[in-house]
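The structures come next, written out as structure tokens.
Shared between the two complexes below is chain A, which has chain B as its partner in the first and chain C in the second.
Coming up: the complex of A and B.
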């Protein structure tokens, strides 16, 4: 296993270097940031001074070599917007996103497994139909709309929750509820589908013939064997959240990395774009490794 | 789950909910929610809205202040100024002022601040207002400064409203996020989520009613409006018109922005004044006004009332499609290629309903027989058309734009739009250049009259652009604050001017 992880790490470093190279050149194709950082009526001299000050006056290959050289000494560059180290800006924003993603995904997965399994246990029952409706609605409703309606109802209407921001436990409720809705909806569908197939398997019939309790058959046997596709989909959704829940972060004023990345792209803050991509790429690598480890735990037949 | 545990969870949520509401602050502490996070807190960038609204006249103070009613420079940290020759001004500085770090405010500090702005070592947005002028600053004595420019500077006192004086202990060659000024508030903290300002006990002026201000940011207008409604925040500028629903808390104010279309007069048929006048006459301005809200004012010039040079008497073009058609027919008869395609270039998101306005105007021009097509661009692409050097291969075009001048003088507008050298200008008219140069060198009443004459000529005689509306901003102010927005609100919100009711 350790050998496998180190092989994956080695491959990931190669991919990461390729990704950072690509991002470096693609960001520079988006235009000169001085038009955005200086007032519209700035002189050409002021623009030239801005470019000189930020090393943007050099040919692009010289800038790239300088970037690589700086990377070796762990210098990830300065943020043009915030006048400070770009990696510091990215690392400061990442924990907020990570916490949100971990809580939302854990709750969404746990609830989806429970609801999906119970729905599959009695297909076409009332519970199954309600679960199907709710999960489809959750998977298809736009999160910005849900977020704004949630604020109008729970913050403005009932005054139970704060509109946005961070600080108390109450500030977590709406962002997490909105964020988990889509993964919950999708995962319920996946769990239900794989569970229905699993429940029709011969080993389940054997278990029933042995007189095993229904609860144990569903949660002990069928569910465990249905979890592999669920983990695959959940892992995919989790990496999406780690990349930043931009809408939720924007509406609820959650200081995460998704909004930072989008703002940095719009503002042509190249060093921060590169740093946020580096941080999220490393996190996604770790999540993927964790998923592979989970596969082995769930299915001992899998060997790396 | 048992009924007991459901009750327990409900109880915890309820208790937590009350705990959340129990965070009400001291009566003299306020929360302000801005549309955008300030990228940094560099005092040299206070002309950027989200930096200026926090720092300007709160943490750092300018040498002069533009009076929002008269548009004239009034004392700030400089109390008096005299022009000793066309290129030189002497300033008397305010006595008894200290910086938040204890350093004394004096002529050396002013010299340091101006040199920091002009050094080129710090990205300084504010210095753009001075154009290409080279300034030399000399401390004549402890409280007298002489500022010499290599070009005449008749409105230097107005320009000094963007000179934010910083402590001499500020680094000269790097931008800062912890500005130290002389203002009534000092920076307590700046994080990714908040900026906190606390009152400065040794402030030279009257002690403000507010003791502490916390700034947060939410881009969504409806959320900001909801935050003030629920009491989470006390004030939010720039809410959307559809969120300004409560007449008790929502104030409309003329925000110094003017929307217009620039006519590229370098290409036929737009090089013909009859066609340019027809473009102005073909628009149903009353109909179009519905897209801009009831309070927006029809514009006849690129600056709002209160800015030196604005002419109240200059009437805007009215809707007269018949006259537009006859002018086009006249131009056609004279050999002007009026059927040539004219590209209308818009910018996505430039202002609310901006795209709809462009679509409506295009349809109205097509209705009078002009061949206008619409292209909407994103900001970086649009900037290529706004500023020189303009892109090669362009043809006759009209450019959607919005211009903001709250600096008290038409000198921040006329040269960039109407001189041959102006960075947005598509005209090259030596007679107009001379007239503008004369106006820029003039002072007092003469200056005002000359600017007004230029606006009249540009509108009535040359029809160089299509002024649309002077825009309106909406601000929601919580019921416990005694404050109303004005033309300067888009650039600064001085906390010292905010009163508390009761």
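Coming up: the complex of A and C.
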């Protein structure tokens, strides 16, 4: 298992280098930062000085080699906007996103497993039909629209919830609800499908022949076997959330890494863009390893 | 054993429908039978005869809907099982009535240890929890013959062999000493030698506990070996019932008679005049081997598994060579290598003088049309989206020179009639045929390229007994009419006796014995061949021992 993880880490480093290279050149396509950071009427000398100070006067391949060299000494560059270490800025914003993602994913998965399992236990029942409708709506409605409607109804209309920002527990409700919607909808469908085929498996007959309680058969035998595909999809959705719930963070003014990424791109804060990508890529790698470990613990037939 | 005369279970006039797309299909039609403590009742029937449905209703394992008990009663110890609610039913299942199934791997939950799954029986009926019954579970596993039970109680189902998994299922079923054990085709998926061990275990347990055993099977030998009484089912109805020996020796119903004529110890089978004069050597296999490397990691030493180990044999023109062995003995690997579906490790094979194992490109292609294969699974080996016409004519699309297109229609009809199907079958799809008919289509497809040699890999193993005899008859007929040669791979000894001229017996990749069919059956030389022949169950009324001992 440890050998497997180190092998995976090794492969991840290769793709990480490729990713950072791509991001390095793409960010530089957005334009010259000095156009944003200096007053409109600054002189050519001032612009040249700004470029020199931030190493932007060098040819692009020299800048890139310099970047790689700095990476080796764990120097991730300076934020132009905040004038401090870019990685610090990224790591500061990350916990807010992580908290949001963990809470939303945990709630969505738990709820989806419960709803999906109950729907599968009685296919075509009223509960199943309602669950199908709600989950389909959840999976297909665009989050920015739901977020805006939510603000309109609960914040502006009833005045129950704050429109945006952080601070109180109330601030969490809308971002989490909106973030949950899509994972919940998709996962209900996955759980229902895999549960229906698990419940048709021969070992369920054995459990019935043993005289086990139906609740135990559903949650003990069938659910355990249908979790693998659920975890695959849930993991995929979780990486999507970690990656910065850009839309939700922007709408609700949530100071997470997604919002930071967008702001930095707009402001041509290259070092910060690169650092946010690095942080989320590492987080996604960890999530994937966690999924693999879960696979092994859930299914004794899987060994790496 | 002593069988009491008061039935513990009495089923009367049971009728079960299945609702499918509006029209109810009658699966079980007015079936009545009973079973007494200590007695073994065998329900004999082919697939679709309703035998599993009738016992499924006893355990409440038939989903309603689509299943529907239209009429009848199932009286167990004074209560009607068909009127029980879910909870009352649950109290009986596993405690007083238990069941084992055909495919133990699928019927065990892959993600839990076998120990836990057995312990669940105790837990479900309030006799302790998973932790506290561990010692009892180990004892149960020891009783059913799992070696090293104290350790293997924590193993998962996939870590056991097929026979051991069925032993685990049996341990689970007898955990609370039920009064009735229903065994639904318990040995069908197992090798003959393992089959006899499992049957012996069931008989022993019955003697110890005095439980009633209801055994469902399609296998005449198994039925004869186990039954005190037999009921024969066909098309959802009981067509015959009575004492085992009577049913076997004096069948009354026409269906039973037809069935029993297939039994190796039933009516005498007409001996086929064997071709004593051998034609020219068609296929010569020399020192064929296939090795697999296992566990080759950078830090683990390489291990070699010899699936086929230095096998040599010859097939003559018009001859049928049977290859017999248990699963994993390497017989299918030989077939796959001869058809060039797998690459051999070493060895040579000459087909009409040409080394076929080194052929490539066009030469390989033209060799392929001369050797054809009929596979075990007539459901999986045909493309479900192609109709029979396309399936049969596909070789002509590949080998352009066999037949000009204008003659395809006539030839397809000819081939269909040759294998006993009708011209109008050409435009149907595989799912519209029964298993036996599909195997006929597979044979017609094999014949389409006008081969010299047909390799049948367990070609009749998936079929019902009476269908098996029909297909064997067809193959024999084609051999005589077209001068075909066969390599007939099977694990089923009685079948090759009917059909093969010569038999190779394989064990762990090696040929341990090769001789003419009659000689092999009458005077087997190798110990393994003897044990294979001994494993064929013998009728219960012939004595106490379950299997023949020479």
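A few comments on the model shown:
Operating definition for what follows: the second predicted complex is superposed on the first by the 294 of 304 C-alpha atoms of A that agree within 3 Å, B and C clash if a C-alpha of one lies under 4 Å from a C-alpha of the other, contacts with A are read in each partner's own complex, and residues count from 1 in each chain.
Assume a residue touches a chain if its C-beta (ideal position, glycine included) is under 8 Å from a C-beta of that chain, and two chains touch if they have at least 3 such contacts.
Predicted model, so just to flag it, every value in this text is computed and none were measured.
Applying the stated contact rule after C-alpha superposition, one finds that A:24 touches neither chain B nor chain C. Of the two partner chains placed around the shared chain by superposition, neither chain B nor chain C is touched by A:67.
Residue contacts after overlaying the shared chain place A:167 against chain B, while chain C stays out of touching range.
In the superposed model, A:46 lies in contact with chain B only, and not with chain C.
Legend: residue contacts after superposition of the two complexes on their common chain; A:214 is shown touching chain C, with no touch to chain B. Of the two partner chains, chain C is the only one touched by A:301; chain B is not.
Among chain B and chain C, the chain that touches a larger number of residues in chain A is B. Interface residues of chain B facing chain A in the complex, by the touch rule stated above, are 16-17, 19-21, 23, 37, 39-40, 42, 47, 120-121, 123, 125, 127-129, 131-132, 174-177, 192-193, 216-220, 222-223, 226-227, 229-230, 232, 379-380, 383, 386-387, 412, 416, 423-424. Interface residues of chain A facing chain C in the complex, by the touch rule stated above, are 201-203, 205-214, 216, 221, 224-225, 298-301.
By the touch criterion given at the top, residues 59-61, 86, 90-95, 98-99, 101, 103, 106-112, 117, 120-121, 124-125, 156, 158, 169, 172-173 of chain C touch chain A in their complex. Across the complex, chain B is touched by residues 30-31, 35-43, 45-46, 49-50, 53, 81-84, 92-93, 148, 151-152, 155-156, 159-171, 250-251, 253, 255, 263, 267 of chain A.
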